[in-house]
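Some structures are shown below for you to check.
Note that chain A is present in both complexes that follow, paired respectively with chain B and with chain C.
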Partner chain A sequence: MEIDDELARSILKLAKLKLRGDEFGEYRRRLQEILEYVGMLDELDLKSVVPTACAADSSTILRDDDGTESSGRDRILSNAPSRAGAFFKVPRIIDQGGCP
Partner chain B sequence: MDSVRMTAARAAGLIRSGDLKSAEYLDAFLKAISDREREVGAFLTIDRAAAMRAAEETDRSASAGKARGRLCGVPVAVKDNICTAGMRTTCGSRILENFIPFYDAHVVKRIREEGGIVLGKTNMDEFAMGSSTENSALGVTRNPRDLSRVPGGSSGGSAAAVAAGMAPLALGSETGGSVRQPASLCGVVGLKPTYGRVSRYGLVAFASSLDQIGPLAACVEDAALLLGVTAGRDSKDSTSSEEEVPDYAASLDDPICGLRLGVPREYLGECLKGDGRDSFDRAVGLFRDMGAEIVDVSLPHTRYVISTYCIIATAEASSNLARYDGMRYGLRTGEDDLEDLVSSSRTDGFGPEVKRRIILGTFVLGSGYYDAFYLKARKARTLIREDFSKAFGESRLDAMLTPASPVPAFRFGEKAGNPLEMYLCDVFTAAVNLAGNCAISVPSFPAPASPPLPLGLQIIGDAFREQVILRIARAFEKAMEAKS
Partner chain C sequence: MTGWEMVVGLEVHVQLKTRTKMFCGCENRFGAPPNSLVCPVCAGMPGSLPTVNRKAVELGMMTGIALGCRIASRTMFDRKNYFYPDLPKGYQISQFDRPLASGGSFRFPFGGGSMEASITRAHLEEDSGKNVHDASTDGSFVDLNRAGVPLIEIVTGPVFRSAREVSAYLAALKQLLQYIGASDCNMERGSLRCEPNVSVRKAGSTSLGTKTEIKNINSFKSVEKALEYEFRRQTEALESGGRILQQTMLWDDVAGSTAPMRSKEEAHDYRYFPEPDIPPLEIAADWVERVRASMPELPDARKRRFVESFGLREYDAAVLTASRDFSSLFEECARLWPNRRRLCSLFITDLLSILADEKIEVCDSRLSAQSVASLLRMEEEGAVGKNQVREILAELAKAGGDPPAIAASRGMVQLRDEDEIGALVTKAIAESPESVADFRAGRGKRAIGFLMGNVVRAMNGKGDPKIIRRLLVEKLENQSRS
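Moving on, here comes the complex of A and B:
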């Protein structure tokens, strides 16, 4: 299948990546190449095959719902690129004018 | 006493009894680091002082008759995608360059509980995406056997550290062969445990349905030791199994005469030529001489392994790596607005191969393409898994033998320009991750060159049969020692 400019741009938007003009062509070419390679899966008759989600045969093993000591706020915030007191600081996402 | 050549299992015993000082044992590896690290570049972080303090503490306990643990006083190198409290954990990426975890991964906790000492963190392909460690954003690792060649990857730093005698033991991680392939290229032992055998709590996620943490060591006995320490149920990883952990060391030297070892004929095709083929044929011959029964088997969907792996691993990676948004940890660039901050941070923080895989993964999960790619790959995975269960079941195999890597260590840049060619480095290993089985790479007959280039033999086991493959690997190791 052909990866046109529009499709490539929509993938980048979903992936939250920005590419420069010269990088864009290279990434698109590599994506195209890999999609052509994996196209070999079309040779398989998969109509009645149940898909595998995980390598484990057993189901998820849950632990008891016991309270345990948490990591603590300061430790969780210790790697924050920007913080204000007890909060992660991020750009404003609500209009300055407040809610209507 | 030549500490570097002694097995870690023996060293731990001697340290426990006070017959060897942990500080002296550690010092032998620190000296090797001083001698070789500048040219090899296996580590991203080394904390000599903390390691020496821990070793001296062990020696004080030993003097008081209180030293304990299967890894008592033994240093361990840890791949830099496994969290270590207070020691930075970068994943070989700019985006986590300054990330300092406040907790230990389960495997690190187990190492410390058994008296082991974390020596440092090893270089790797960024987010474990690669087969040569060339994709690390933070440094170059060279193959200690031939410095003009790559160590393999993505656990290239761990394999190189062990191969250069800079650590007796190391932890790596696997998604498609990232322990076994560098072990093969560096001439050390590397094991991929069964999915669920070892807890991934504290392992930075790449592809969650495939990832496992595995040991690298200079010999089979030490790989068994580190596996035994790290394996077992952990309530913090819901995929970790309740299956009992056997004493891997107990049966290591049992004879292998009469075992049925399958050789999948699809692995002997055009991917395996020249030196790789010769090495493998000689290894199979050695097993015949030891009285094993060699059985021709078929894994008919082998041709589809790399395609299936590419789709599943990248889809899961695109989802797992969505968490790097510059908000709570990691690199943050761009401050104009939320959307700009997220995409700027990711664009500046991720290297080219990680971006390529996120793009592919985003595409195959996208509306309109999900059924054609991701769902199809999950169905193909079912067929690949069934190949393995049929081979082990109907052919009553104890294990399978294959090469671990189609080629020995290649030169820097030789495959870096061609991602697809790099993906094909995993052609003999990735099926095991898709199926969830265990497998080990053990040094086999090297490729003739000057110096000779290591090649690994892969021994694949049924799920939770690590004990069997370790025993077969040990028999092979002994037979190789007898030949040299």
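Moving on, here comes the complex of A and C:
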């Protein structure tokens, strides 16, 4: 897979990153190198191997539906860059449709 | 707009009725003060780790089973990446290619018959927080109480051809999920949200047109309106030579129209990848069986049983089983009161409208099977009439209590003194010679109806109708003979 300028720009946009002009070429090249490195795996014959999503081979541990204390509003909001009363404050959102 | 056909598939998000959130122990509760039900996990603090709520998985399994799905023996969580202020982690934990349940079908009543919807999948995920907008300020506000609340997303194939079919499906789905206790499905509070995918095509065509997705529909009433608007918009665009863009439309309930969501120029690219903090979840067959065995009776089965074991008509059984609580109360009463027909009419004619008028939910009402049976016994013994039964029933629903005591406190006890009633009956007959003539001419029903009304009124509704009727018939027959 080739990371061309267009794909690199799209990734930047999705990740909401801004790079200077000279950084752009550098990161495009590094991304390409990473893919090529991982691409070594393609040389292996893995047809009979079940895809792995996690190094742990046990099933996930489940939690009982019992409550724990929430942190309290002030502690949670104390980490926010900006707050307004009981809420986190963020730059004005134009669309009101929730998640995309 | 003839010649066009609507094609709709549905994504329905349902909040699961757990005590705590999907991946942390914060309470899952609507209406708490903003940001009071938040911890480092659901606020997306670095280093916090999610742990899966077993109850949410089991409610999801129940949903899948009730919709005829296969439950995966191994299911996985994935990160769905996008940026929005109500999503603190910058990704939503969802399920991508290994959903909890898939490949089901759901049969629901439609237009006197029934219809089947194919269920593509049902998967678990977490809800986002809530953005609050205030026109008077320069910013927007975020409340994370809802962030991390467990959701199940139920996806159908493109199976619906009209807005009415969609409504019928949603009503049946809501009933089902309430029965199994998976969700309260309150659309106004956002615990059930539906996002239709809509396209149009020429009638008879088998290919699918370009679809749009409608968001922001927040009442059952709006679903049909939004679908019909979007159908009209698409067909008009195509008929005037335009084309449909694959995009997300926002429904505006006040304007009654849809408009494209502005921030969506970028194509969907969520870059799903396996959630590294949650190992895959193995679901053993015996766990599925335990969950299946613990499931309550589903609405359709209960309806059939009511028809078969109580001898009720299909329609009555459907009305009685519309809600689980209502039908359970009926069933408890039926154990104590053998006259199911009277019980059925009491529930459908009286109780339903009392609950609707007083805005009482069955589970909040103070009714008990014992008090309903005691009330019907009073009626059978002639101690109270039909109107009084309804009045006492309303009081039982609102405040509970003992039917004989309620009747006594309201001065309702029926007059059954035959001498007193007999005197009024004689007087009514004397005042109405035309009724006597009717009776003689074979129009007894009319004569008795008229005279009954007069005697009941003369006694302010407190006379026992059975005694009044019997004395009327006796006296009219005596007069006819003489």
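Methods note: the second predicted complex is superposed on the first by the 93 of 100 C-alpha atoms of A that agree within 3 Å, B and C clash if a C-alpha of one lies under 4 Å from a C-alpha of the other, contacts with A are read in each partner's own complex, and residues count from 1 in each chain.
The rule we apply is simple: a contact is a pair of C-beta atoms (placed from the backbone, for glycine too) under 8 Å apart; a residue touches a chain by one contact, two chains touch by 3 or more.
Being a predicted model, the structure only gives us computed values, none of them experimental.
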item: Which of chain B and chain C A:Phe87 touches, first, second, both or neither; value: second
item: Touched partner set for A:Val49, first chain B, second chain C, both or neither; value: first
item: Touching partner for A:Arg63 - first (chain B), second (chain C), both, neither; value: both
item: Touched partner set for A:Arg73, first chain B, second chain C, both or neither; value: second
item: Partner chain(s) touched by A:Lys16 [first = chain B, second = chain C, both, neither]; value: both
item: Contact residues common to both interfaces of chain A (with chain B and with chain C); value: 10, 14, 16, 53-54, 56, 58, 60-63, 71, 76, 79, 82, 88, 90-91, 93
item: Residues of chain A that touch chain C when the two form their complex; value: 10, 13-14, 16, 53-54, 56, 58-73, 76-77, 79, 82, 84, 86-100
item: In the complex with chain B, residue positions of chain A that touch it; value: 10-12, 14-19, 27, 30-31, 33-35, 37-38, 40-42, 44, 46, 49-58, 60-63, 71, 75-76, 78-82, 88, 90-91, 93
item: Of chain C, residues touching chain A in the complex; value: 18-20, 24-27, 33-40, 43, 45, 51-57, 76, 81-87, 92, 128, 131-133, 137-144, 215-216, 248, 250, 261-264, 266, 268-269, 271, 274, 276, 278-282
item: Residues of chain B defined as touching chain A within the complex; value: 98-100, 102-103, 195-196, 209-210, 233, 235-236, 238-242, 301, 303-304, 306-308, 310-311, 318, 322, 325-332, 335-339, 341-344, 346-347, 350, 355-356, 358-360, 362-363, 366, 373, 375-383, 385, 419-420, 433-436, 463
